[in-house]
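There are two complexes below, and they share chain A, which is joined by chain B in the first and by chain C in the second.
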Partner chain A sequence: MGTERKRKLSLFDVVDETSVPGTKPKLNGGFGGAAPMAGNSLVNTWTGKAYSQRYFEILEKRKALPVWQQKDEFLQVLKNNQTLILVGETGSGKTTQIPQFVLEAVDNEYPDKRRKWMVACTQPRRVAAMSVSRRVAEEMDVAIGEEVGYSIRFEDCSSARTVLKYLTDGMLLREAMTDPLLERYKVIILDEAHERTLATDVLFGLLKEVLKNRPDLKLVVMSATLEAEKFQGYFLGAPLMKVPGRLHPVEIFYTQEPERDYLEAAIRTVVQIHMCEPLGDILVFLTGEEEIEDACRKITKEIGNLGDQVGPVKAVPLYSTLPPAMQQKIFEPAPPPLNEGGPAGRKIVVSTNIAETSLTIDGIVYVIDPGFAKQKVYNPRVRVESLLVSPISKASAHQRSGRAGRTQPGKCFRLYTEKSFNNDLQPQTYPEILRSNLANTVLTLKKLGIDDLVHFDFMDPPAPETLMRALEVLNYLGALDDEGNLTKLGEIMSEFPLDPQMSKMLVVSPEFNCSNEILSISAMLSGCFICMPIEHVHRWVSLHMMFSNWSMYKQVLVHALRDEIVAVSQYYLMKQMVSSGLYASADLPEAQKAADEAKARFGHIDGDHLTLLNVYHAYKQNNEDPSWCYENFINHRALKSADNVRQQLVRIMARFNLKLCSTDFNSRDYYINIRKAMLAGYFMQVAHMERTGHYLTVKDNQVVHLHPSNCLDHKPEWVIYNEYVLTSRNFIRTVTDIRGEWIVDIAPHYYDLENFPQCEAKRVLERLYKKREKEREENRNRK
Partner chain B sequence: MAEFAKNQTTNGEQEDEEDDYMGDLSQFLSPEASNPPKPSSKKTLSGKSLAVQSSKKKKAKFLNWQEHRKQERELKQIEEDEQTLAKTEAPIPQSNIGFKLLKRMGYTPGSALGKEGSGRAEPVGLEIRRSRAGIGREDPRKEKIRREEAEAEMKRRNEKALMEDFGSRQKSQWRNRRVVVNFEKAKAALDQLENREVLVPKKSEDEEEVEEEEEEEEITAEDLLEILMKLRDEHRYCLFCGFQYESMEALLANCPGTDEDDH
Partner chain C sequence: MEKQLEGSSGSATAIDSSNIGFKLLKKQGWKEGTGLGISEQGRLEPVEACLKNNKWGLGADKVKKKAHKPLDTKSTTKSDGKNKQEPPSNKSKPLTKKMRKMQELERRLQEKEFERAFFREFWPDNV
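So, the complex of A and B:
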């Protein structure tokens, strides 16, 4: 022990010599004061190197976090229990600190460094996994990807040295597929458990089983809100630890009467607060980009109308699809008074519910809560995913009001009556598992060997019909046989981190001699950035129409698209911009020309999938050149990531000896084969155009509309679609033209007319089947 | 099926509109040119109103036209939403392969999933809000429909009550009149039986009627009964039999009752 200590001291001296002399006393003092605490040695136990000065600086800040007050208590509870639940409000430091405490505890318990073990900490969001792991690597004074790493879909930033891994909950689930008992981990931390993502919920059930079989594994469930009792009940009385957040009291106000228009009411409240309440920033919760941009403009205008009797305001929008540079604006300070001694300025952040949990803005004293948020709900009966405005839950309302008390006592204005709060709001938001399509989840569970889905220990079991739909899809795709057992095909499909339809399309693509192309299309579709709704970009651009010429427009557009590639939609976008008169007329010809060019270059009249393929090919042909991307409105980063996804998929294909092949580009069958291969995966997502000119989904006969971002130059009789969403209308998005003849050839088992509702599509199919029968007979006769 | 066909046409129309919207400089052309005439009566109306526009007012009229289109689109969306909601009412049939597969896993139809079967029996429903009405306040459109329905119901009920009221009032009026008539008759019979002179000259009939009306409130069923009983008791006479009996016994044996209804 003595020699050890000495060695550390000498190392400290080395550091000291290289550092600036002036900092020496300060460093010395800081160190001396904290000396008795664990984790204050001079050598980093993970790297064997001396700690940097920055390490100690951060350490001081870390120790001020509320969670450090309970470090010993936490370690004690962890030691004595297999499962524990930790509840702490945002700002307690649990996400960054608890995994490090755990690491310390495990390190003490298993001092043998040759034995490989890891600690996992899950995050619901990719961005959080990346950013938190970076922060923790910095706090631990190690390089990211070494001792501390992260793993998200299509991106693994960890190594053999990694001991602490932040990963998305979905990734941990995928790891369980190859390592069913998760033997590489000693402790698993499920963070943000209150968000109840689909993957977290599945992990709950799974880990409960794993814990029974692995007494040495420990589980820490971290949550922010009131559902702790529910967790405790589910995890059979695991001890509950509470870490206080830094919350000040928040006074809550309700309206006397229900509001006629919540947007108007919100703006009115902002103005009232600005006129009557003492200093402090305002946070307004609204539902979507359009509404938020609208509100920002109205607020600025209304307060502008009040003259210089009141202070200036800065209304800042915040929503997830806003470019990151714009998002940074929420952290800017409130504007200064117009003139010296005048009334002070105020910052007003108008946000979707991303400011509810995932993003913290300091300085907010007033919260305005109209009580609504956009919610995604999948309905298995009509197989639609809706993204509509709905009332929030009591838990959400509570979370929102808490945002007012981060820096000082605050006020929350709920734009509904207290009676409504008690009677009209449900206690909790439905967890994702009750609102999602479970086809992929069921395939994963099957692969994990869970055959009894009916009695699986879900915290909130999904509706039977949601599972029925999932089983139906998997059966028709051939991933499950009629007994419900996983087939060989299903095994392979489960290895792709994609929707089953897409995995199926990939697996069968060699049979259609076009696996290279299908790989590219899948990669392009898998980045969520590609499917982003064009309405948003259009709106964003139209709202920032202060510029008057083409080149300025282009700059803004590229800025707007920084994180999203919308090459597919640019043709539509430009056309619409021209026709809606947002352009100065002088720019018309140039814009029109550019639009036509873009269409000529990438647009494929037979479908959006093929357009995506064209964009990818063009990108590769231009040697992935960033300036080429800029010229063509294509987001370089997005395409680079699609290319990365493609490489990962190629690796999976290789593992199962799936041939990589292409039809000759000059062959007439080049695109036909691709379209046929897509149909082999997406035959359940087909819409038929009726004589009246509108589309009905097959079997469900839902009226749907082609999403305006499509690239088609005609209205095909049959289309396959990537998704069917209910937003402002019933839309099918990312569509491609297919032929009825292919349907009867490729998917007769689904298009079994005995089980088909009466409709126009059925009569067409009947004719096609008869035609096929006749052809076959003719062939037989000829022989 | 008929309902479906109707929707199809309306949607087809909308699709066309959307193409216009996306497509071109239709705004700068006259709307009739870009919008071929459609069977809908609303369309022809808008066409007419646009046809009369002068070039000066073009801009204002154009806005109207856009507004009109927006409204129409909203209406169609409501129709579509209703259709979607109606479809979400129908559960997945037992013949579905997914249903069979879940049953094979041990699912009992009608029950819920989970270790203790504590899950939801039904999927989370869709709620389509297309307005900015606050919490605790219904969608103004739905509210309007509901209000109209309630009003119609109220009106219907009122009318029914009114009819019933009217019927019963008529009936009681008739009854009252009968009472008066019978009273008069009974009075005349009594006078005759008591050998008084009949003082009812034909001439004064009108007068009498007026009197009757005035008296109507005074002459009640009790008065009638009183006089009838007097006739019966004192003169063994029944007004409704129109007969003076020999004896009280004969009266009781032959007359069906004191009331007119008994006869």
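So, the complex of A and C:
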């Protein structure tokens, strides 16, 4: 190694002009006594180029992070153990620094540069994988995508040179499908393990197996303080290392009585703190964006009402679907006093639980915790996955209060009684694996060759019924045979990073002569289109202003969408706007006209999936022109990303020789074939309209309503839906009209009447089966 | 009202042995009445879900139930309610009264300001 570095030095020793100040090397030399590693050289080990000035500036800051105190200790423990657990508070620098420490250690151990190895660091969120890798690339003075890269679903930003890769936990799981022993990695770091995401939990079990077969592989599990001992027990006594957080004492206050209205109580508490407590910013935890926006307005209003006797406040919302530009606002300082010598200002961050562990905001001294958060819950008995407001756990409450003590001693106001804390809160939040639909996970596990799912080493095994439901779905889709073995079809399906239903629809689409169109629809559905509900835009716009004229409205809206990944036809939006009365009445005719035009352009009366397809086609026909998108209310970025997704799906199709084909557009069957192919994937997500006019989901008999954003001009007897949204009313969103006859032809194994609850749909199906029977007989007679 | 989710795990029936998923799990080696996991230690019932569509604070549903039942014994419930609201409302009530007149104006000004800020943020650069 030494020679190599020398060689590079001699190659670049003319590059002194990069203006490394004379003092810097000394500073640097002061550190490196312990180990001869990157950081004490003037030349970057990875690129062979001289370090930039910025590198040294950042290095100074990095050294101030708490993890640097324990760098040598960490390297020692890493050297002596195969698995280690590292516990550190957010803000200790573990996510950015530990992978770099690991990298140095591996580099020392395997100095042969020709041998390919990598270090992986998983993140539960895509945004984190992207932003952290960018930061680390900067710290290492390399270009992102070169030595440091990231990999998230549908986007791989890494190269053959990459040695450190940040990736979502789901992506690592995908990689394991083609590389079962994860042989390209020397060290795997599972970050944010306390979040217990579905993929992280599966990785736990998987890696435990892999480690047995690969003595040279090392695993670092990083977690916030929660559950660290549980990890230790699970990983058979792996050593636990603690990185002290910089936490000051936090005083906790409970209410005397339960609150009647936690939102109102939270706002009241904010006002009280602002009037009575010394300087310091406030963090309020609420459940969702609507509530948060509402609270921000009310806080601004209430404190505005107090006049000059109190300082100004800045109420900043924070939730995951907020545009990044808006999210940045939480880092702005508190507002200055209104007039010199007047009372000081305060920043009030109103956030979902993303501020609980994954995001650190400095300057917070007061935390208000009403004790609720939105949680995903899956009920295998009714097959519905939904986000519901539920009480948090004791661990979450601790975590929340800890947020108050990051910069100085703080206070946490819990808007519930101490008794409630002790009796009503469960100790830990249920890990995601207990609250999720596992169909996709089971398909992945099967593909990974894990046949005994029953005794798989889950840290928290899911309920048997959850697994039953997953097996059932996969069996109906044809991915598993009646013995529970992966079929050929299932194997291909598992290669698509999509829900099994969608994968199935894609794999069978050539049989319906419409794989091109199904590819477009799938890409449009997965390109994050649906993760940003239209209500959000609508609410966001309605919260902030009324529009005096159409063009102003349009400009504002397109800009509001600038960072969001929403693309919907004008019709979608307009319909909502008009029906909600958000539009100033004077402009109604114009709005209506615009809506009608858009509908004529994109809207497909037979369903939202087809509308999405029309939008995609129109985008392509207009040469992906951004100004065309703007004119038509379509988010250019979203469509670009959908197009990218489509290309990747095409590649997977090609790998399995799945034909790319289309029905003649002028044929009567063009849309019919598409709808049939969709049914072939989504036959378990069908609703039937009863004579009373409301819809019932088939087999489960849940009352549902068509989501108001739909494009249909009629109420079809049968619909397939993409999403079941559970709110005060149960909505099905993104729906398309299908025919009963197709159901009987395409999915008779699922619509098997012997195994069907009594309902109207059953009687209709009975008639259809009889009709088919008769037709068949007639055919036979004719012959 | 916190109501059980329509057909949530409490009310919906468990998946029975005629279900193909049930059969498949049995074929994988699962025994009825046991959990999953390396030592069959897993939970037996799915996690329950409750639909909450009100803003009642944590623990408030229990208090409400209690308060609703003895409707005739007004004195007890009343004092109960007073105690609960005393500290917070004390501060905000007189203040809002004092400022009622200014409120309207303030609000309008604030909305104007917000609007302006909003435009600054989202207006295209050329405007």
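Here is the rule we go by: the second predicted complex is superposed on the first by the 727 of 783 C-alpha atoms of A that agree within 3 Å, B and C clash if a C-alpha of one lies under 4 Å from a C-alpha of the other, contacts with A are read in each partner's own complex, and residues count from 1 in each chain.
Throughout what follows, a contact is a pair of C-beta atoms (placed from the backbone, for glycine too) under 8 Å apart; a residue touches a chain by one contact, two chains touch by 3 or more.
Values in this document were obtained by computation on a predicted structure and should not be read as measured data.
Peer 1: Overlay done on chain A, so just call it for chain B and chain C: clash or fit.
Peer 2: These partners clash in the superposed model.
Peer 1: With both complexes superposed on chain A, which partner does A:755 reach: first (chain B), second (chain C), both or neither?
Peer 2: Both partners, chain B and chain C.
Peer 1: Would you sort A:729 into first (chain B), second (chain C), both or neither based on which partner it touches?
Peer 2: first
Peer 1: Between chain B (first) and chain C (second), which does A:453 come into contact with in this model arrangement: first, second, both, or neither?
Peer 2: Both partners.
Peer 1: Is A:629 touching anything from chain B or chain C once the two structures are fitted on A? First, second, both or neither.
Peer 2: So A:629 meets neither chain B nor chain C here.
Peer 1: Using the touch definition from the top, say if A:330 reaches chain B (first), chain C (second), both or neither.
Peer 2: A:330: touches no partner chain.
Peer 1: Using the superposition on chain A described above, determine whether A:148 touches chain B (first), chain C (second), both, or neither.
Peer 2: Once the two structures are laid over each other on A, A:148 reaches no partner at all.
Peer 1: In the overlay, answer first, second, both or neither for which of chain B and chain C A:465 touches.
Peer 2: A:465 contacts both chain B and chain C.
Peer 1: Touch check for A:479: first (chain B), second (chain C), both, or neither?
Peer 2: Neither chain B nor chain C is touched by A:479.
Peer 1: Under the stated touch criterion, which partner chain does A:258 make contact with: chain B (first), chain C (second), both, or neither?
Peer 2: both
Peer 1: Just to be sure I follow: which residues of chain A are touched by chain B in one complex and then by chain C in the other one?
Peer 2: In the superposed arrangement, which is not itself an observed complex, chain A uses residues 255, 258-265, 370-372, 377, 379-382, 384, 386, 388-391, 415-417, 419-420, 424-425, 430, 434-435, 451-458, 460-473, 475-476, 480, 482-484, 700, 702-703, 726, 728, 730, 755 for both chain B and chain C.
Peer 1: In the complex, go through chain A and note every residue touching chain C.
Peer 2: For chain A paired with chain C, touching residues are 255-265, 268-269, 271-272, 275, 300-302, 304-307, 325, 370-372, 377-382, 384, 386, 388-391, 415-417, 419-420, 424-425, 430, 434-435, 451-458, 460-473, 475-476, 480, 482-484, 544-545, 555-556, 559-560, 562, 700, 702-703, 726-728, 730, 755.
Peer 1: Which part of chain A faces chain B closely enough to touch in the complex?
Peer 2: 255, 258-265, 370-372, 377, 379-382, 384, 386, 388-391, 415-417, 419-420, 424-425, 430, 434-435, 451-458, 460-473, 475-476, 480, 482-484, 572, 575-576, 579, 581, 690, 692-694, 700, 702-703, 705, 708, 715, 726, 728-730, 755
Peer 1: Taking the touch rule as given, give the residues of chain C at its contact with chain A in the complex, in rising order.
Peer 2: Chain C residues touching chain A: 5-9, 12-15, 18-22, 24-25, 27-30, 34-38, 40-47, 49-53, 55-60, 62-63, 80, 83-84, 88, 91-92, 95-96, 99, 102-103, 106-107, 110, 114-115, 118-119, 121-124, 127.
Peer 1: Within the complex, which stretch of chain B touches chain A?
Peer 2: Going by the criterion above, the answer is residues 7-9, 11-12, 14-16, 18, 21-27, 77, 80, 83-84, 87-92, 95-99, 101-102, 104-107, 111-115, 117-129, 132-137, 140.
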